[in-house]
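Note that chain A is present in both complexes that follow, paired respectively with chain B and with chain C.
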Partner chain A sequence: MKKQVLPALIGIVVALLAGLAILWAQGYPPLQSYAALFSYSLFSKFAFFSTLDKATPLILTGLSAAVGFGSNCVNLGQPGQFLIGAIAVTAFGIAVDLPAGLMIPLSILVALAAGACWSGIAAGLRRRFKMDEFITTLMLNFIADYFTLYLISGPMLDRRMYSPLTPMTNPGAWLPIWNGFGSAFLVAIAAFAVVSVLWNRSKIGYEWRAMGQNPIFSRTGGCRNDSAYLWAMLLSGALAGLAGGLMIMGGMQHRFVKGIGANYAWDGVMIAIVANNNMVATGLYALFFSVLQTGAMGMELETSVPSEFSLVLQAIVVLFVVASRESTRMLINNIAAELRMRRARGRDKGMGDGRHASNG
Partner chain B sequence: MDSIIKVYPPDTLALDDVDLAVEEGEIHSIIGENGAGKSTLMKVLYGMTPPSGGEVHFRGRKVRFATPREAVASGIGMVHQEFMLIPSYTVYENVILGAEPAGRFGTLRHADTKPKVKELVDTYGLNIDIDSRIGDISVGAQQKVEILKLLYRDVDVLIMDEPTAALTPQEAGELFARLRGLNKAGKTIIFISHKLDEVLELSDRITVMRKGRRVTTVDNRGLDKAELARAMVGRDVVFSVEKMPASPGEIVFEARALKYVDENWVTRLEDVSLDVKRGEIVGIAGVEGNGQYELVQLVTGLLPAESGQVFIGGHDVTGEDVMARRKLMCYVPQDRKVSGSAQNMSLVDNAIMTHHRLNPQIEDRCEALLSSGRCRAFTSRLVEDFGVLAPQLDAPISSLSGGNQQKVVVGREFMLDTDFILLDQPTRGLDVGSIEYVQKEIVRRRDAGAGCLLISADLDELFSLSDRILVMSRGRIVAELRPEATTREEIGEYMLGAKEPQEAWRVREGIAK
Partner chain C sequence: MHLMVEMIRSSILSATPVLLAGLGGAYTFHANVFNIAMEGMMLIGAFTAVAGSYFSGSWIIGVFSGIAGGLVAALVFAIFVVSLKTDEFVTGTALNMLALGGTTYSLRQLFHVKGAFMSHAIQSMPRWNIPLISGIPHVGPILSGHPFIVYVSILLAFVVEWHIFGTRYGLRLRAVGEDARAVDSVGVSSDRIKAQAIIASGVLCGLAGAYLSLGYVTLFSENMSNGRGWIALAVIILTRGRPMGLLLMSLVFGFFDGLGLSLQGTMIPPQFTQMVPYIATIVALYFYSREKHAAREGE
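Up next, the complex of A and B:
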């Protein structure tokens, strides 16, 4: 763990410095822009809470990808699972009207189940027909995309509106907002805690990790890779579905609007890759990326740096962190090798040729 | 080669200031344990890996080959342990591959080269049909093709890296005759091995390496094996494991008429029946690829049998999955990197495999969770009991040496404490010290009443450990022999099918039909 922290920190610092250079080269005031970036994401109550709001889906899609990749399931269907989770919660929230105490846990379950169903299709296709989940999950994204679009512009369309969106869900399904703090974040934290314990401490989690590192090893050791695979896929899908569901339950909108998925799912994939499928790192990078994304608006406001600049920063972080993970290690190893060789040389000189005298 | 130093990052000193002089026209052997640096030295010479320091001179000229291709062009060729041949191509096509005689428009001109290849085969008496497919010919013949490839490229120095590892005793004898023939024809041969007998039989001069250093170079005149072994290992070596005669008890493992057909409808295993009793070690000999792999897979439950039954400790486990069987057996797989461990996972994570489902001692209070404290305690016990040299329990297992990794695997399995032990090449790729340790441990388990089934490609190991030896050939058991009443040559003949299967096993064959 400690060994991973150093390259990650180096990566982030170098990325921020590189961003500074880019801003300067483009003629923007670099320090001022950074000040705006962080003050609009961290240094006020409202800013901080909106960062947490943004982090909520990122944590969940990040966990989804980390669980998948970490157990050797290439689930790239987070966008689809996200949308299916969101539309299922919307439908449930429109059709059912119960008090919040029941409605909220049920909606969460619906979101989890819907996402799991969607990834379960891919898992089933692999089990039955040996189809690679890499391609099926990607294809299911398109199906989910157009299927939800059909629903919100046809059967579930809010007739009073002029653009494709659904009516609002019943208020029982709304997650409370306390003084600006969206409680959806707490759901994400709870999910994070459960998944971390599962992943790091449970027997099935151990089998997932072993399968992710070497499936032949886990199979030889007696693990049931088939069922471990299925459960990993279901959990991965459920987490992405929950991310979608919380978009409806939290916030102010409480309806499924076209484009609701934004880029949350792919950001999650990216976060898991940067975090090397480590759960804690996934959570931290999700927070960091949401700081960048939230602050970017403020930066645009203050110094007119286009908010897309946050994408540039994210990309640089990814490149530096992922690259530095390998290259720092190689660099350190090569330096060690060089020192070792010098030591070997030095000692031989010191010993003279006595050793060779004994040769046959 | 002068003062060659090679450091593999981060700080593995593979070659520590090694000098080596090979004279033209000699057979020069390099011996040493695994990890002594023999192969690395040759890789440096052959241009496969750059040296960290030192110089290579070839025929008085300082050279530094960047790639094997350059080495071959200068006249140095190497035959690797693993052959680099394309199975679906013919012998001839494999020989010219990479040095194709291209005519105009890039078409191949076989008219010139085919006779040349044929001539080479005749000149050196290689005795192979150059139009047969690689996939159809034996391992020994494939090795000839590798040599032929180099002869075609006109090399003068042949490096042979452990060439006998995959051969039967007969094939090895043939190889030696061939190498002597090549040597007479003026080729210089560098022969790498860790088998003392071979080296003594073949070479003019012998260089002994140990732990990345050259210990000595001697003329092969009046040398004896013990002397050479001492130089190699650095201490006196006991050549056989001390063990009391076996006292077999009741049957702990039984296979009945096992048959396996692979996905290409090829029958890999047919009518294999055998049993293992408590307190004995049953060895299985055979050239690799004659059904041993499939037998292991059927016994562990990794592959489903076509027909037949498996009993462990009196239970019929034929329909059971791997984990159910692992309650009754422990299994040391043949390749610790592929199936015995996950190299990137920590020592603890590698040590608790299989135990995580079967051993309640490492569970947390909640049954579905593992207690990290207890897992660590378990691992420390393994490390202590099996003498594993490990820096930290949290370090990835890849930071351990091969021998120590294998001790972890063996320790993990033996700690399952079952009455039946399946050992698939348990000492492959280990240094002499670790081999001694693992073998002693196996005998200790036998004496404690466990029944062991040992699959090994190493006849020495089979002879020193087994109480009975079964020979497999083409997916069948062809003979049952007692190590004290047989010879390597006899086993070799059964392995190759040169000798008819024993009466008892032929009868079985009749029943199967």
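Up next, the complex of A and C:
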């Protein structure tokens, strides 16, 4: 873990500097923009709470991708699993009306189950027919996208509205907002805690990590790869589904609107990648990305930089952190090799001297 | 009959971007580079093509800027993957996100619009009427009057087939894919060949993007590649990177894409018809896996 911190910091700093250069080159005031970016995401109660709100789906999609990639399941289906989780919670919240004490846990279960079902399709196709999950999950994204679009513009359409969206769910399924703090964040934190413990401390977590390092080794070592694979895919899908479900349960809208998934799922994939599938790092990068996204709105307000700049900045951060990680590793290896060589050369010399001495 | 002609025409039109990207991906496939960045290269190409055509008023410059856009994306990919030795999957995914974010940002930055950019100032590619063929009944309407890149891409399929399987360079390329160290040991730089393969894929994906935004339609919209780069990746896996197979399979996918369009206006909701090419990809993958599996058990 410690070895990763330095290259990550170098990468982030260089990426932020590159962002500064891009802003400067396009004629925006760079320092003022960055000041706005951070003041609108961190330096007031309201700003901080909206950052936590944005972090909620990012933590979950990030965990989803980290569990998948870390155990060698290339689940790229987060966008689809997210949408299916969201639509299932919407349908459940419209159809069922119970007190909040029952409704909230049940909705969470529905979101988890719906996401797991969608990733389960890809897992089943892989286990049964050996079909690469990375293509099937990608294709299932488009299918989920069109399927939910069909539902919200047909069977589940709110007839009083002119654009494709569903009616609101029953208020029992709404997560409370305390003084501006959305309690959905607590659900994400709970999920983070459970997944971290599972990943780092449990038997199946060990099997996942072993499988992620080397599937052949883990099978030889006695891990049940097939069932570990299935559970990793299901958990990965469930987490993405929960991210979608919380979009409906938290916040103010409580309905499925076209484009609700935004870019959260792909952001999660990037978060897992840049965190190298480490759970703590995934949580931290999710917070960092949400700072960038929340602050970008403020930046647009203050210095009129389009808020989409945060997307560019995120991708640059990922590229630079990954590059810095690899090049530091190469650099360290090179230095270590150089040192070993010098030591070996020194020993040779010493031995040579000794021989001379004995000859003399 | 008229419907039939329309359907085959639209298959050819929708097949072209998949074919072009697939031909580019064939180079990286044989060099054993996992090129998941094709989607992003295509998207960048589509954007730079529209920008080039809009600002210069010339479709030729538009097409070349599309190619240049794909090329620059490929250069970034090559620098990271070949020189810095970063993971291909990781870098490719990040590059796709950079393409999505970068084009969305530039759309607002350059053209001050959200979602899509349309303008009469964007000059689209000319459509070619083939003099002799266009007169033939039934065949003429199918084969004639397409944007010229359609013909270029079919021709390219043969050129790439010859280049990868018929030349010394192609042999080296495939050798790099088989065993890069063996190629290095005889004094040919495998890194250089890998970088060249990535650049070739960038150029062709850029061309595919230019076709999307200047030929297939004349506009740029957010994320307009819409998974075609990934379908191309699936097609490459299905055909094991053979350009002739790519030509055939991309026509099959074009057919399903076109089928989705033709079914619009029937009883089936449009969202289901739009799913067709993606479902077809999964089904094709199923048959491929079954066949591969059967072959392995037969051995």
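Note that the second predicted complex is superposed on the first by the 334 of 360 C-alpha atoms of A that agree within 3 Å, B and C clash if a C-alpha of one lies under 4 Å from a C-alpha of the other, contacts with A are read in each partner's own complex, and residues count from 1 in each chain.
What we mean here is this: a residue touches a chain if its C-beta (ideal position, glycine included) is under 8 Å from a C-beta of that chain, and two chains touch if they have at least 3 such contacts.
Nothing here was measured: the structure is a model prediction, and the numbers come from that model.
Enquirer: Is A:Asn333 contacted by the first partner chain B, the second partner chain C, both or neither?
Expert: The answer is first: A:Asn333 touches chain B but not chain C.
Enquirer: Answer with first, second, both or neither: which of chain B and chain C does A:Met270 touch in the superposed model?
Expert: A:Met270 contacts chain C only, not chain B.
Enquirer: Quick one: classify A:Gly154 as touching chain B (first), chain C (second), both or neither.
Expert: In the superposed model, A:Gly154 contacts chain C only, not chain B.
Enquirer: Between chain B and chain C, whom does A:Met341 touch in the aligned arrangement: first, second, both, or neither?
Expert: first
Enquirer: With the two complexes superposed on chain A, say which partner A:Phe129 touches: chain B (first), chain C (second), both, or neither.
Expert: second
Enquirer: Under the stated touch criterion, which partner chain does A:Arg224 make contact with: chain B (first), chain C (second), both, or neither?
Expert: first
Enquirer: Is A:Ser202 touching the first partner chain B, the second partner chain C, both, or neither of them?
Expert: first
Enquirer: One more residue to check, A:Asn214. First (chain B), second (chain C), both or neither?
Expert: In the superposition, A:Asn214 touches chain B alone.
Enquirer: Could you give the residue numbers on chain A that contact chain B in one complex and chain C in the other?
Expert: Touching chain B in the first complex and chain C in the second, residues 330 of chain A appear in both lists.
Enquirer: Using the touch rule from the top, collect the residues of chain C that touch chain A in their complex.
Expert: Chain C reaches chain A through residues 76, 80, 84-87, 89-91, 93-95, 97-98, 100-102, 104-105, 108-109, 226-227, 230, 233-234, 237, 269, 271-272, 274-275, 278-279, 281-282, 285-286, 289-290, 292-293.
Enquirer: Which residues of chain B touch chain A once you look at their complex with the stated criterion?
Expert: 3, 5, 7-11, 13, 16-17, 19, 52-53, 213-214, 216-219, 300, 302, 321-323, 325-326, 331, 333, 338-345, 349, 352-354, 356-357, 364, 368-370, 372
Enquirer: Please name which positions on chain A make contact with chain C in the complex.
Expert: 26, 74, 125, 129-132, 135-136, 138-143, 146-147, 149-150, 153-154, 263, 266, 269-270, 273, 306, 308-312, 314-316, 318-319, 322-323, 326-327, 330
Enquirer: Which stretch or stretches of chain A touch chain B in the complex?
Expert: Against chain B, chain A makes touches at 197, 201-204, 206-207, 209-210, 213-214, 216-224, 330, 332-334, 336-341, 344-345, 348, 355-356, 358-360.
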